[in-house]
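In the two complexes below, subunit A is the common chain; its partner is subunit B in one and subunit C in the other.
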Partner chain A sequence: MEIRVNPTRMEFNRLKGRLKMAQRGHKLLKDKRDELMRVFLELVRENKNLRTRVEAELSRSFANFLLASAVMSGETLEEAIMYPKAAVTLNMEKKNVMSVNVPKITFLQGEEQSSDAYPYGFANTSGELDSSIATLAEVLPSLVRLAELEKAVYLLADEIDKTRRRVNALEHVLVPQLKDTIKYISMKLDENERGALVRLMKIKDIVRGEDSA
Partner chain B sequence: MSMYKVAVVGDKNSILGFKALGVTTYPVTDGDEAARALNTIVREKVAVVCITEAVAQQIMPQIGELNKKLLPAVVLIPNNQGTLGLGMKQIKKNAEKAIGADILFGKEGS
Partner chain C sequence: MPSNDQYAYAVGRVRAMETRLLDRSKIDRMVEAKSAEEALKVLGESEYAEYLAELGSVHEFEKMLDYELRRVYLELRKISPEPELISLFTRKFDYHNLKVIFKAHKLGEKRDELLVQEVGNIPLTELARAVSDEDFRNLPPQMRQAAEKLSEHFRMEADPQLVDLLLDRAMYAEITEMIVELDSSFLKDYFIYLVDLLNIKTYLRVKRINRPKEFLEQALLPFGEVNMMKLVQLAEPLEVLVDRLMFSRYATVIEEGVQAYQKTDTLTRYEKLADDFLIKYAKQAKYLVFGPEPIIGYILAKENELKLIRIIMVGKINKLPTEEIKERLRDVYV
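Up next is the complex of A and B:
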């Protein structure tokens, strides 16, 4: 397939410029894709491992919590955790990975101190609740990290997909198209040149014939 | 510098524990409530939203919208009945989308 153009020398030069540009863009995008892929693979591996760990720990915490809610009455349980000691606050920065903005989330006031995370006195509560809350407090930083990772993985996957489409479009559509068109124009120009040459020779013959007659 | 919060959405029994840590909890029972909770969350400064898989299942389109934005970051967590494997599936889907083939889970065990 070629683009329909007028086979002129000006068009020829313009297309050659475009081809060069397309090839350079293709190379750059390919590099971008490769680098994105490298980062992505690193992140997605970590993501998977972290998720496995977090899910296991959460299940443990839930199991303990279930025990706690079985041992304690619902009202006492709710009363115990009604007023948390401190609110969890996070800070978010943008990180730029190959022009993809990914969030970087950190805890604002240091790490959560798991030892005194309990917002209740120990008198009316059961031990299961303590261990449940302790595991939960431990898993919270991992959970935040997991959120950050999953967001990054999602955004990167999106960008890789987009970049790959662009690379393929350039490689399999635009570049061949431009090449074909350039070839078409150069053939057409050559043909015109030959036509002109033949015409000249013919005229020369005619002129010469008239002279000798 | 600005402060962001953590929010948890899920059935009451699963997420009650989070409340003790100072995380904002949104107990919901069905998809409609969850969707409403999510709308509230989006308007506030929340960086991380944890949603139990059972609830997330009912509001997948909305979560998909959020995933495209920078914030909030949505994490699927198991509820107290155990995991549904949705979170893992999401990772797998991302890997397939980016690489074209599933390379993470295929070679598990080897």
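Up next is the complex of A and C:
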């Protein structure tokens, strides 16, 4: 299908410019897509590993917690952990990956805090709770990293999707359209030219006939 | 202290109640049950039958334990000639409530569902008022001192662990004082053993999380026989601890418990052995005919039973292997 235009030489030149531009854009976008794809795959792989690890550790922590809840009464257990002790600071920044703003979270924790995450006393609590809390404290940095990764993967996937649409639109719609239109104009122009030539020859014949008559 | 025959009626009642405690065979049937529902059904033939109908699902079994705990304490308080005897064991609920109210107040939250109702000695409204007005004058002296120290501390720096540490210590101080007044050697020994076993466990836990000596000193309860601070340094290997306690009455608990701890890095075995040790001690009360001991024995037996049911139910609901449940099961009193 072609674009409806006036088959003029000016239009012809304009369209040729547009075609060139579209082809260059297509190439650039394709490169962008490939690079995004590469980064994406890398992140996905890391994400997958991290997730399996975090999930394993979390389930370990939950198992310990379950055992703690078996030997302590519900109220005592809740009381022991109702007031969290450890404090962490999270810093959010933006990182630019192929013009996608992915979050970058830095995790700050006081030095002695990892051994100091226990907000309860020892007389009323079971030792099983310690292991649960310890695992949780250990897994927290990975958990934050996982959040960062997953968001990045999500944003990248979105961007890849958009880029791919653009590439496809250029490749399969705009470029062929422009090409068709250019062809149409050039044919039309040629046709006009031939028409004019014929007309001129015709006129010449007539003029010559009148002369000889 | 009232003479021993004043206890005749109470002991008679308790003996009758004792027969309704769950025995080993019922506990074993619960453990072997295929599902949580089936395990609960075993309780249908016991004192717990009346609660079973009210439970919407097995997940509400904690409610049943709460009811039972409350019922037992309220009833014992009625029949005991010395109410102090019972309040000795219900102190922990007051301290628990104070901890909850204090922490909730500092967090600006309301966590009333965590409070233990009725069985405490101090009305909840009084505790709530004391915390919100920072006026602890009406509380018992040990509790008051600890609470005042705490609220002083919280003005500068909030450390929730301190709430537990200070109040736990105050509680044991208060209990020790009460025991002196009650003048019962059975009780005195029981609490000394309890504190000693707790202190050894605390030592192991503090050692594991690598905290300094000062912290250990703060976490230990200075009301036992074994002085952990003198006995062993934090940096010393566990064998030293085992050696030093080899000839104490805790030898069996320590040896097996610590060994299991070194092997598996969990205190499961130790906790079970320590509880068994205390229950075994409490069993002596079964052979005494007069005096407060049978009542104390019954309280301990009941608390142990509630613990057993909880372990089994949590295990069954979460489909833990039977082995893992058995590992944690304490001895029974009966």
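By our rule, the second predicted complex is superposed on the first by the 208 of 213 C-alpha atoms of A that agree within 3 Å, B and C clash if a C-alpha of one lies under 4 Å from a C-alpha of the other, contacts with A are read in each partner's own complex, and residues count from 1 in each chain.
Here is the rule we go by: a contact is a pair of C-beta atoms (placed from the backbone, for glycine too) under 8 Å apart; a residue touches a chain by one contact, two chains touch by 3 or more.
If you're wondering where the values come from, they're calculated on a predicted model, not measured in any experiment.
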Subunit B versus subunit C as contact partner of A:185, first or second or both or neither: neither
Partner chain in contact with A:66 - subunit B first, subunit C second, else both or neither: both
First (subunit B), second (subunit C), both or neither touched by A:29: neither
Subunit B versus subunit C as contact partner of A:15, first or second or both or neither: neither
Residue contacts on subunit A - larger count, subunit B or subunit C: B
Subunit B versus subunit C as contact partner of A:75, first or second or both or neither: second
Touched partner set for A:130, first subunit B, second subunit C, both or neither: second
Doubly contacted subunit A residues - partners subunit C and subunit B: 66, 69, 78, 80, 82, 84-85, 118-120
In the complex, subunit C residues that touch subunit A: 62, 65, 92, 96, 99-100, 103-104, 106-107, 111, 114-116, 159-161, 163-165, 167-169, 171-172, 198, 201-202, 204-206, 208-211, 219, 221, 265-268, 270-271, 306-307, 310-311, 314-315, 318, 320, 328
Of subunit A, residues touching subunit B in the complex: 37, 40-41, 44-45, 47-48, 51, 54-55, 58-59, 61-63, 65-66, 69, 77-78, 80-82, 84-92, 94, 101-103, 105, 108, 112, 117-120, 132-133, 136-137, 140, 143-144, 146-148, 150-151, 153-158, 160-161
Residue ranges of subunit B touching subunit A (in the complex, touch as defined): 1-6, 13-14, 16-24, 47-50, 67-68, 70-71, 73-75, 77-80, 82-83, 87-88, 90-91, 94-95, 97-99, 104
Complex interface listing, subunit A residues touching subunit C: 66-67, 69-71, 73-76, 78-80, 82-85, 115-116, 118-124, 126-128, 130-131, 134
